[in-house]
Amino acid sequence: MKSKIKKIGVFTSGGDSPGMNAAIRAVVRTCAYLKVDCVGIYRGYQGMIEADFKPMDARSVNNIINKGGTILKSARCDDFRTAEGRKKAYDNLIAEGIDALVVIGGDGSFTGAMVFNKEYDFPIIGIPGTIDNDIFGTSNTLGFDTATNTVVEIIDKIRDTASSHNRLFFVEVMGRDVGHIALNVGVGAGAEEILIPEENLGLERLLESLKRSKKSGKSSSIVVVAEGDKTGENVFELKDYVEKHLPIYDVRVSVLGHLQRGGAPSCFDRVLASRMGVKAVESLLEGKSNFMVGIQNNEITLTPISKAIKGHTKIDKELIRVSDIMTT
Amino acid sequence: MKSKIKKIGVFTSGGDSPGMNAAIRAVVRTCAYLKVDCVGIYRGYQGMIEADFKPMDARSVNNIINKGGTILKSARCDDFRTAEGRKKAYDNLIAEGIDALVVIGGDGSFTGAMVFNKEYDFPIIGIPGTIDNDIFGTSNTLGFDTATNTVVEIIDKIRDTASSHNRLFFVEVMGRDVGHIALNVGVGAGAEEILIPEENLGLERLLESLKRSKKSGKSSSIVVVAEGDKTGENVFELKDYVEKHLPIYDVRVSVLGHLQRGGAPSCFDRVLASRMGVKAVESLLEGKSNFMVGIQNNEITLTPISKAIKGHTKIDKELIRVSDIMTT
Amino acid sequence: MKSKIKKIGVFTSGGDSPGMNAAIRAVVRTCAYLKVDCVGIYRGYQGMIEADFKPMDARSVNNIINKGGTILKSARCDDFRTAEGRKKAYDNLIAEGIDALVVIGGDGSFTGAMVFNKEYDFPIIGIPGTIDNDIFGTSNTLGFDTATNTVVEIIDKIRDTASSHNRLFFVEVMGRDVGHIALNVGVGAGAEEILIPEENLGLERLLESLKRSKKSGKSSSIVVVAEGDKTGENVFELKDYVEKHLPIYDVRVSVLGHLQRGGAPSCFDRVLASRMGVKAVESLLEGKSNFMVGIQNNEITLTPISKAIKGHTKIDKELIRVSDIMTT
Amino acid sequence: MKSKIKKIGVFTSGGDSPGMNAAIRAVVRTCAYLKVDCVGIYRGYQGMIEADFKPMDARSVNNIINKGGTILKSARCDDFRTAEGRKKAYDNLIAEGIDALVVIGGDGSFTGAMVFNKEYDFPIIGIPGTIDNDIFGTSNTLGFDTATNTVVEIIDKIRDTASSHNRLFFVEVMGRDVGHIALNVGVGAGAEEILIPEENLGLERLLESLKRSKKSGKSSSIVVVAEGDKTGENVFELKDYVEKHLPIYDVRVSVLGHLQRGGAPSCFDRVLASRMGVKAVESLLEGKSNFMVGIQNNEITLTPISKAIKGHTKIDKELIRVSDIMTT
């Protein structure tokens, strides 16, 4: 493959997600395979501004495919929002000889990349790394599959104690303003009710559903709540509301929080990361830019970054129906 | 929904796989939701012949979504290969009032179902339950995703000891005559080489690859071998061959075996099982028969059973290429 | 063994813990082995008052050794605090023919048992089932070992995200008014600081320790906080305090909560439960009463319940010292 | 603490076990805390002979407490069995300024250490790192607890498939010539029979036990076999024997092998490793030598290495009795 690209910089940005290291490894190894230089950029855009670079060869990514987090670290970077900050970043990249970038992150990271690309016509390919699955142009973001496994395992544990005590648990899971994690883990963990921002049915329906569940003989109940859901102000308010109006229940709350981002990636996420990393590098070498790598219908695809950040993958209406049937 | 179907029988057949219980639960709950009776048939076709039936309601499948194996058990059944055996099964079903079947299993189980359907015009829908992913008409069989996670976790552990001792491990994984598990866990676990039946490159290339790997500075090597692979007679022969021709390696063998079939299903497999179970029951009630439920492009689909058992899902050539690049 | 005891009742009480089912199984199987009848009492003292009994034989406890929670369920019971409630319980036990009890629970449950024993001279043996390890007369309560494994696995995940972002996490773990879980998981997870009720060193020392940790080049910090610790009002207050006085840190909080009680028990807890269950039944048959089974120096021992509930197993001072050295 | 020891070398030797890295970390951090230099020696005695040394400070062992295997690697070393090899090792240690050693390994490693100590009067303290638990003077070797958890989790999975098919599984586990792992995981996984070298009851009793188990209504059977057991030549022979004499069983074999050595250590093993590492360094600084650190009655103790390698921790007879009762 003949290409003008001689040295690719790779970095992670935004919230970390399992599979980011596998993607870094794939980018680095593909560069090595195609005899292109590769440089790791630490702490995202911040490291670009501070010239925090490190050359990476095939061996430098040994034994990271199964590690959570990101060896390149991640950070918020307000400086990159300024033209001055981006200028500094550009100068550093040029000084280092980097002539293309792979950014692994979410829509915030992609927005920064797009702005940078426009200003400096710098070749950029994005890999969607976030557990939230909230990016258009890919059925799975890196880390989503792992996060759903982490959460169902934990809800399985909470179910142990819930059913030993005939309790009701509200379990808050991540997902920013979308309900993908909540809907999937809700179905996967056999939750009695799932509250997601895409489908606010109100507190009344929740009460009725819980009454019905109790009547049907269920000894315990798990309600999965997406962090972006607006049925109540938050899970603690939900607890108070239900305890007030349905005193038959002994209610508990569990906010899972950041543990959802960690852990060894699932096989699916490792394979997906490997495929995406290969595609990202190859696309750059083919002269493409401003695309996000995605997986659609089991094929690795490219979507313009501008489209990827505008929309969300829609919530699966059929899965909501399945969820309703399962909680019979 | 108005339908002539009043009572559906559900059973598991062939080797068990994680997600079978989740599929049983989904069939039972969908029946309850649609107000159709549901009967569990124990030990597959054998239980049909012995009238080993048990009515199931929504509560009878509480707390099984996360259990490996199958609560309805499974068994080989030679009697069902005879017209006499099938007659007995038919008589028992009629006596019990069962007028449609959901069979959860692999291609052997589907073949039996098809024969039975032809002889007695008995409505049947299949759900693909096998870890091997070797059935046409679905990108994932139930249990495949879980099995790949189980295997990569174990290879991660083997890697600990392999890299502490600079060793070479041959790890044999399941998959009958296809290499789906091997290819995916090989990429997911960062294996140095993957041997699958679809792509026999010979012992020579294996030796060369291992030499190259050693030269590149890798301290340990994992070679994943599909049980159906024919590079060597078996993994033990591979070990002997490599030790003879590449004495630099201290070689070990690990045959993972049946542990790959067990364990709590992944979130993906639980959700998939739920979706498939709903579709199976609804399809029967719509008057459909002789189809297998599958997932294609994230949509739940129907494929004629006759087609499903004839072909295999093809191995992903692009993933083989990714694997080659990753082992740079 | 000749004994006046003919029928033993077994129940779980108080908060559930992993290993309770293994203990139930051991009690039931030992009764079967020694040809004594065994009755399961549901929902602790409440089930005793409501005569919620079920005869149990060896097969009725198949496949529960690896299950979290308690199949006999647990419940708070205010009625048992009244003489009237206990009278009802006694009458029910007599009517059922139960002439001895094995109670699996914590110190609250044991106190109830002791009162009941005094009033009615009813033979009782206790098995310490709680994750908190806060009972005198045993180096391990059932579930403590499992809970520490559950928590370190989760902190390992939190560490992934903490070190990807150079963050400080306060992780609150269970333990009521003792710090056993916190101290052990703190050392096991390599926490930078461990806050336990037994050793309040004040907010000042915490700040200094965190400053030192930052200076030493650590990229992230985990502080494990026992729920009974009084360094701050609670973990959220700790977060605010540190953010105010040490703005170099980006601080997050994780309250692990009830998930710590669930999950499959560790091998240690399963073996311990089996040994304790055997001892409990044999002790009753030998005419002993009012003792708690414990493990001390790897031997199964008996301690008067009155002593068990009065004291706590002391926190291991040497382990505190080890912890200080490890956070160098 | 005033001591003549100025620089301590630490190495791992023999088969790796989970917790070795945690012990390395503890040795390194304790040296840093006590302001003594610390040097890592790679690949055990081999690295000593080849002067494969690397200075280690507190930060060099960040994030390894939860890693399986050993970052210092391990290797067999025939050269160290010769006086010439040991001379070379001694010269290298002196040249590096190392004046004391901590060896983490099993009895083979300790024997080498003892010989070396006698020849050169070189201060040595041992930490028992092996999953087999076959060393006198400690109730737990590092890695034993983790290995038992790894094995019961896997047998739980095998049980899924065994009970779905009414099968009998022989599961071979590690342990060299002792049955500690087998006995503990056998009880912990609820095995129907446990075969250990310490108690050979013969093939006849095995058959009778399996017949009884079948008669009692159990649907599946797991027989745990220690690798050193001599009931049959090996597990495959046991399978053949049972299939011949008890054709009612469909028998399968699973040899778990090296995966038992890997994986993240349990909380117990991490804490134990930390305590042992502190004690090892402090003992050397106090002028002690030729001892093995152990845990007895929850206290960290010292045992002369000569005693440690002569005996085994005895198998727990009471636990064999518990096992017999549990398989009622």
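Just so it is clear, A, B, C and D label the chains in written order, and each chain counts residues from 1 on its own.
Criterion: a contact is a pair of C-beta atoms (placed from the backbone, for glycine too) under 8 Å apart; a residue touches a chain by one contact, two chains touch by 3 or more.
Owing to the predicted nature of the structure, the values given are computational and were not obtained by experimental measurement.
Based on CA centres, what chain would you say lies at the far end from chain D?
The chain lying farthest from chain D is A.
Check C-D against B-D and say which one is joined by more contacting C-beta pairs.
Of the two interfaces, C-D and B-D, more C-beta pairs touch across C-D.
Indicate the whole-number Å distance between the mean C-alpha point of chain B and the mean C-alpha point of chain C.
39
Averaging over Cα atoms per chain, report the distance between chain C and chain D in Å.
28
Could you state the distance in Å from the CA-based centre of chain B to that of chain D?
35
Could you list which residues of chain A touch at least two other chains?
Residues 156, 159, 163 of chain A each touch two or more of the other chains.
Which chain pairs here would you call touching?
So, checking each combination of chains, I get A-B, A-C, B-D, C-D as the touching pairs.
Would you tell me which residues of chain B are touching chain D in their complex?
These residues of chain B touch chain D: 12, 15-16, 18, 67-70, 73-75, 150, 154, 156-166, 169, 219, 252-255, 257-259, 261-263.
Could you pull out which chain A residues touch chain B in their complex?
25-26, 29-30, 32-33, 58-59, 62-63, 65-66, 139, 145, 148-149, 151-153, 156, 159, 163, 184-185, 187-190, 216-218, 264, 266-268, 270-271, 274-275, 278, 296-298, 300, 316, 318-319, 321-323, 325-326, 328
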